[in-house]
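Let me begin by handing over the structure; questions about it come next.
The first chain written gets the first letter, and so on, giving A, B, C and D; residue counts start at 1 in each chain.
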Amino acid sequence: MQRKFTLGLTLGILAASISLSSLVFAQTATDEIAKYREMIADGNPSELYEVAGEDLWKTPAGPKNATLEKCDLGLGPGVVKGAAAQLPRYFKDTNKVQDLESRLMTCMQKLQGRNPQEMVDAPFQKGPKKDMEAIVAYVVTLSKGDKIKVSTNHPKEKEMYELGKRAFYFQGGPMDFSCASCHGEDGKRIRLQDLPNLTTQKGAALGWGYWPAYRVSSGQFWTMQQRLNDCYRQQRFPFPIYASDLTIALSMYMAKNANGGTVETPGLKR
Amino acid sequence: MNQQRRSVLKYSAVFGLMASAGLISLAQAQEWNKAAFEGKGLDDVFKILGAGSPDKSAAITLNAPDIAENGAVVPVGITTTLKADQMAILVEKNPSALAAQFFIPAGTESFVTTRIKMGQTSNVYALVKADGKWSMAVKEVKVTLGGCGG
Amino acid sequence: MSDPMRVRAAENGGIVDVKILMKHDMESGQRKDAAGKVIPAWHITTINMKANGKDVLNGQFGPAVSKDPFLNFKYKGAKGDKIVVNWVDNKGDKRTDEATAS
Amino acid sequence: MKIMNIKSLLVIGVFALVSVATQSSVIAQQANDPKFNKMMKDGFRAEGIAGLDRIQQDETQKFCSDPVFAGSVKGQAMREKIQKINMDSIKQPSDGKYIGDWKKGEAIAQSGRGATWTDKADTPIGGGCYNCHQIDKKEISYGTIGPTLWNYGKLRGNSQELIVYTWNRINNSKAYNACSNMPRFAHFKLLNEQQIQDLMALLLDPASPVNQ
């Protein structure tokens, strides 16, 4: 037993010294990836979704044949500019903390008479979710450049933050992963992708501030709900329910941590 | 023209009809170069384009990343000091080498940028036709596996 | 039905810089669906760009052009030029959008 | 015994850079919170092969979901207990063979697939090793959550101790570090014995590209 540990120690030191020598090489690859990202930054296909979303926002739809133009995203009915930068937040009319998508579901229900369950049940990128994604692209674009400013003053907001924090560290599944397994330390990568440390302001701003985003690997615009959904898929968890408190709590945790950062949405991601 | 009929017709027929109906210009009616786009290897495509075996030219710049974070979107730009009237982007190891071809009228700069898919790490070729002669630039683009999915 | 393009054109020093984003799946013909069947190629084949009625670029795309294609080119022109972009795909779908050079 | 404990702590520190350092104040294990439990229960549904049993935590997962406590001095006894549970669960190879085929090992190390709700029960599960480790230097797309494994065998030799240690580490990393980020490949049957032998070869076979 003792020999095993001594050996382990030696190996550990060796490993540490080797990782230094490989650093230079890794740096070059990372620089090249940065160049690649710069090259594709101009011409974000999110714009295509944004155009469609603005149209959906202003076109009467649903059983009540109404538009979403009177939707209250937290800054008053009809105010879209800057609203996404302050979400999630507590809403008095629903007595709930809501993220952008759950709030949009409320608006669709109240203004247009749509059934929110249909939105929850729809697969991503199809049917009502396709509309949601375009509308999200439109709404978040109107907060681009704003400072992230999420409040935890209301007791329900504070509670949601704490629940989100706990969920962030919750390990499960056959690989023992939690959100923190990949997003709890500075300077780590999966393959060549940098992993923002979402427990810090800087890291959370890099993560939260750039989603929703167009993902080049799938050629799709992904909302935050879809981003979280795929994180849990990769974590080998069961399926997180769309707009559930769990997903809102995690967003609250990330968003609040990111406070002071800049909204760069819609982002353009691998 | 309904969907079913349309899909039955050959491209040429469609373009012919549309052109005769005055819907599109003559230049666009130029039929999609099916043979070139279905050519497998580089040499096939060179032959179909009439490029023979083009020489490398320092006058052509192929602007592409050394490493692409994702093969689904690889930015590729061609610029040249030659007076180009055609440009083409080829990927050696793609199932069909030719990705895109451009026809450049007078008054348009010898410059174009687009984004292409690459199945794997490969040489990318920028072909330029100027003064009736084809020449090229080559660059290797590494395509990396990304994300947890591998 | 095809979705609108995003066409931006900005003039600087007598050169108009045109950037186009097209909404198209650009299905490669290499992918398989869940049942293992090849999804047939579906892609833009030809694209034509005009400024004030005159051709400024013609392009031909194969299935290896990325989904939601992006295209950037430059021509000698002026502010106020009316730019018309026109694409056709291999199913015969087509789309036309316009922009004014600023 | 005391010396061994210090060393074992060092091992943990060097290998996993566990969050021990930052925690200090009064610490107790997280209380059970019915509200949180309900949120988790209502937050997920089963999909494909990913059933709700996946959020039923075992002792290791429960302990490591509270990193403040897990990394604290107070958590040490529990940490050791968890390491022992995991160490005791490791089986040495049934055929006595530790080293398989490095070529197959490389393929397993490359693949990060399997075990998600979009996979089928029979989708081969990859090791996903490159997600977190540098292994063969020729693969430039590698992660940095774990240490580099380049020249693993070349630098460390191939003593029986090293072989057993490496075997154990791949089978169940939590035997050495209770809250290691590395999955317990044998415990959750992510990789079978032969696949682990192939990964062993990738790291230890002198012919493997890792050791060139």
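Note that in this section contacts are C-beta pairs under 8 Å (C-beta built on N, C-alpha and C of every residue); 3 or more make two chains touch, one makes a residue touch a chain.
The structure displayed is predicted, hence computed values, not measured ones.
A.B. asks: Tell me which chains count as touching both subunit A and subunit C.
C.D. replies: Intersection of subunit A and subunit C contact lists gives B.
A.B. asks: Please tell me whether A-D or A-B has the greater number of C-beta pairs in contact.
C.D. replies: Taking the two pairs in turn, the one with more contacts turns out to be A-D.
A.B. asks: Please report how many Å separate the Cα centroid of subunit A from that of subunit D, as a whole number.
C.D. replies: Computed value for the inter-centroid distance: 27 Å.
A.B. asks: CA centre of subunit A versus CA centre of subunit B: separation in Å?
C.D. replies: The answer is 36 Å.
A.B. asks: Let me have the rounded angstrom distance from the C-alpha centre of subunit B over to the C-alpha centre of subunit D, please.
C.D. replies: 46
A.B. asks: Where in subunit A do residues touch at least two different other chains?
C.D. replies: 29, 190-192, 216, 219, 234
A.B. asks: Counting only residues that touch at least two other chains, what does the list for subunit B look like?
C.D. replies: Answer for subunit B, listing residues that touch two or more other chains: 67, 72-73, 115, 144-149.
A.B. asks: Which residues of subunit C are in contact with two or more other chains?
C.D. replies: 66-67, 70, 72
A.B. asks: Determine which chains touch and list them pairwise.
C.D. replies: The set of touching chain pairs is A-B, A-C, A-D, B-C, B-D.
A.B. asks: Considering only the defined contacts, which subunit B positions touch subunit D in the complex?
C.D. replies: 67, 142, 144-150
A.B. asks: Across the complex, what residues on subunit C touch subunit A?
C.D. replies: Residues 3-6, 19, 21, 23, 25, 66-68, 70, 72 of subunit C touch subunit A in their complex.
A.B. asks: For subunit B, which residues count as touching subunit C in their complex?
C.D. replies: 1, 6-7, 9, 11, 14-15, 24-25, 27-28, 30, 32-33, 37, 72-74, 77, 91, 94-96, 98-105, 107-109, 111-119
A.B. asks: Flag every residue of subunit A that touches subunit B in the complex, lowest number first.
C.D. replies: 29, 32-33, 35-37, 39-40, 190-193, 216-219, 234, 270
A.B. asks: Given the complex with subunit C, which residues does subunit A contribute to the contact?
C.D. replies: Going by the criterion above, the answer is residues 42-43, 45, 47-48, 51-52, 214, 216, 219.
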